[in-house]
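Think of it as A, B and C in the order they're written, each chain with its own count starting at 1.
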Amino acid sequence: MNNFKELSFKTVTYIASLFTIVVLLGIIFSIFLGGTPVFQYVSLTKFLSSPSWHPTHDPPDFGILSLIIGSLLVTAGALVISIPLGLGSAIYISEIASQRVREILKPIIELLAGIPSVVYGLFGMAFLSPFLIRIFKIPTGLNIFSASIILGLMVVPIISSLSEDALSSVPKSLREASLALGANKWETIIRIVVPAAKAGIISSIILGFGRAVGETMVVLMVAGGAAQIPSNIFQPVRPMPATIAAEMGETVIGSPHFYALYGIAIILFVITFISILITEFIVMRKKR
Amino acid sequence: MLFLKNTMKKILYYILSIMVLLTFTCSGKIKKIKIAGSTTVLPIIQAAAEEYVNLHPDTDISVRGGGSSIGILSIINQIIDIGSASRPVNKQEIEMLKNKNRDLIETAIALDAISIIIHPENPVENLTLVQLQKIYSGQIENWLALGGKDQKLVVISRDTPSGSFAVFNEIVLEQKKVRSDALMLASNNAVATNVAVTPGAIGYVGIGYVNEQVKLISISGIKPETESIMNRAYPLTRELFMYTLASTRSLAQEFIDYLLAEQGQQIVEKQGYIRIKPAGLRQ
Amino acid sequence: MTRTRKLQALLGTSLLKLFIALTAIFLILFLYVIFSRGGKMINWEFLTQSPRRYMTEGGIFPAIIGTFWLTVLSIGFALPLGIFTAVFLTSYARPSWLVRIIRVSINTLAGVPSIIYGLFGLTVFVQFFKFDVSLLSGALTLGVLAMPVIINASEEAIRSVPPDFREASLALGATERQTILRVILPTALPNILTGTIISIGRVAGETAPILFTAATFYTRLLPTSVMDEVMALPYHIYALMTEGSHAAKQVPIAYGTAVVLLALVLLVSTVAIIIRYRLRKKKKW
């Protein structure tokens, strides 16, 4: 009897864990099922390399190059903002701030990570965009620049909290040895602590990249939505998640356009999946 | 530890009792009408739903956007009771209906004019369809060419799958491709909001979305007004539709009848659209 | 030489301070804009009434309740699954190739963009299981999204229970199952729950996953079954900004809704963080 209970409990935990695999396979299966039929209408190379996205035109153009570039530019912009700010605050919190300040700042950053993206989107659309038009005298406030600022702001807490974890897990003896050898605090931080925490810092940046590239509401509300290859950062773009969110509701299920949107989801998934594998690889190599 | 367990238990009790309370207060026999579809028709339906529910407390209406295609598709698949659309059903959808052996009933409930709006400080008052085509297909870059100030054009359009775009595409663009640097926004309100804050902007929205913060201009001298829309003189006039299935009508039909009656048509007007039935005329 | 080194150190530290100050300024500006514009909307009526006069007056009560149910149901779905998975990973964890696959799955799920969760929910729950657009579809989609967060929080909590506890229990003759259920989980539970509560913020604030699975623009009454469409706070903000036709009156309501959503998320997380803080201080082992 007792044995049976043991076994059934163990089985339940097994099944629960297998469920994570099932869900992941379910996600992969559903986007590939929905996305692969698009390649009856357009070749994979054309899908990826043509910048012309006119899904409802007759005949339609399903080229997502401009959407991919839009996503990458906005994400790059976000990282340009969030890496110095996130990493800077992580180093400050972990190495310079007093115990007291640290205990206040750490939970605040954790709190900020939970701010809903739609609220950031509201801020970008109703406040930042008109503000930028006034300051820079640009034709539109919905562009790469403003989307990058908002996304960057969103990613700061992610990079900051994960990098901070990595920095504070660097053994104290390393710091003490460096200081004992006559290095000052700043040199210790830059030459010893940061390099020692390199793996964790890089994975935090990659995670931030994944978050930014997949974020939907902010780019839907703030990036402007023009499917073009931009010539400067004050031009609007149409990142991949925004395209899916904006057009999914308006397509007929089973139409080429519908498949094309799932096709975009495949590309988006592949990009995030690769970034996740890279972090896995870094963590694994570090463990060795 | 003990203190913590107790507070957690307390919190749990509170949550549970709130849940039970809510479930009890809102149980009871309530008829539901589910409506989904065009974002252009949305304000009319939402307003009418409010009034209708006031008159019929035993009915609740859920109003969802999504877009014209979602509305028509959902009604074909019997997921909802009424589908709304800012365009008539297309060939593909008629095909689908045939396959499922279902009959769709189409009711036009209001008229809409796709209205061309610009920033309020822009002096331009009128454009022709040809000029509009040139603007949206990318042949004109500056307001100077249109009789305005020396200012770069910011072209704002609706997303290509939207019903508004479909009409605009047919009448203005005549199947030319929209310029690639046009801002493609997902909703009428997003277009209106952005035209209002962008000095060089031009955009188009359903007439219900025109507000004081943007400037409405005429096409070839005709402004979208009640008269020019009702006699279809304004070139970008269109009908807004509600679709129901012949098999599952009764409750949905009551709501549509309400919309077509005087009270419903007044709501249509109040939302800024144009009534489909002349005032004072009984059904 | 020492002078340049000192100067470098000074410059470096000031740069760090500048970065953290910039972050703070950004965030304070952000919070200030949201709270100052939305704060004045908040009153009793706003919190307890349905929208009125074409969504230009009245409150957001149905959206609050919708978000409440979406959150409770999704956590109710994800929490047991998450805890069991964590138990597996900490106590059984065999065979090791399976554990590796499960870990990669969890990490991948944690990084999948929320819009893809939305498509998954649309394909699986709305279309395949025919739950339609409903509270149920939305809650399941959000639950799946919350799972990796809950698993990680639970695993961390279980790992922080000292191994002596397990060994003592096993030495006294308790079985593995009894040890887990009576010793390890009760000890780890407060930490699991605080971790979960923090994940509530993510669930309650997500828009993209419920876009095609649960959210509706307007319904006056509250949901009576899990098959109803519901209003939700994050979607309400998005809908007012994009689908409303009375911008002058609806943008302030959107700000007000944002304040409610922010306050809820921040409040719930703050409580969790405070509880965790006390817990750590009290920890006797």
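Here, a contact is a pair of C-beta atoms (placed from the backbone, for glycine too) under 8 Å apart; a residue touches a chain by one contact, two chains touch by 3 or more.
Every value quoted in this text rests on a predicted model; they were computed, and no experiment measured them.
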Going by C-alpha centroids, which chain is farthest from chain C? Tell me that one. B
Chains linked by the largest number of contacting C-beta pairs: A-C
Expressed in whole Å, how far the mean CA point of chain B lies from that of chain C is 32
Cα centroid separation, chain A vs chain C, in Å, comes to 17
Note: chain A residues in touch with at least two other chains are 125-126, 221, 245, 249, 253
Residue list for chain B, restricted to those that touch at least two other chains: 65, 186, 190, 193
Where does chain C touch two or more other chains at once, residue-wise? 241-242, 251
In the complex, chain B touches chain A at residues 65-70, 73, 92-93, 152, 154, 159-162, 165-166, 169, 175, 177-178, 180-186, 190, 193-194, 197-201
Could you list, by residue number, the parts of chain A that touch chain B in their complex? 51-52, 54-58, 66, 125-126, 129-130, 133, 139-142, 220-221, 224-230, 235-236, 238, 245-247, 249-253, 255, 257
Which positions of chain C touch chain A when the two form their complex? 5-6, 8-10, 12-13, 15-20, 22-23, 26-27, 30, 33-34, 80-81, 84-85, 87-89, 91-92, 98, 101-102, 104-109, 111-120, 122-124, 127, 144, 147-148, 151, 175-177, 180-181, 198, 201-202, 204-208, 211-212, 234-235, 237-238, 241-242, 251, 254-255, 258, 261-262, 265-266, 269-270, 273, 277
Interfacial residue positions of chain C with respect to chain B in the complex: 51-55, 65, 72, 132-133, 190, 193, 215-224, 228-229, 239, 241-248, 251, 275, 278-279, 282
Where on chain A is chain C touching in the complex? 2, 5-6, 9-10, 12-21, 23-24, 26-27, 30-31, 33-34, 84-89, 91-93, 96, 103, 107, 110-112, 114-123, 125-127, 153, 156, 160, 184-187, 189-190, 207, 210-211, 213-217, 221, 241, 244-245, 248-249, 253, 262, 265, 268-269, 272-273, 275-276, 279-280
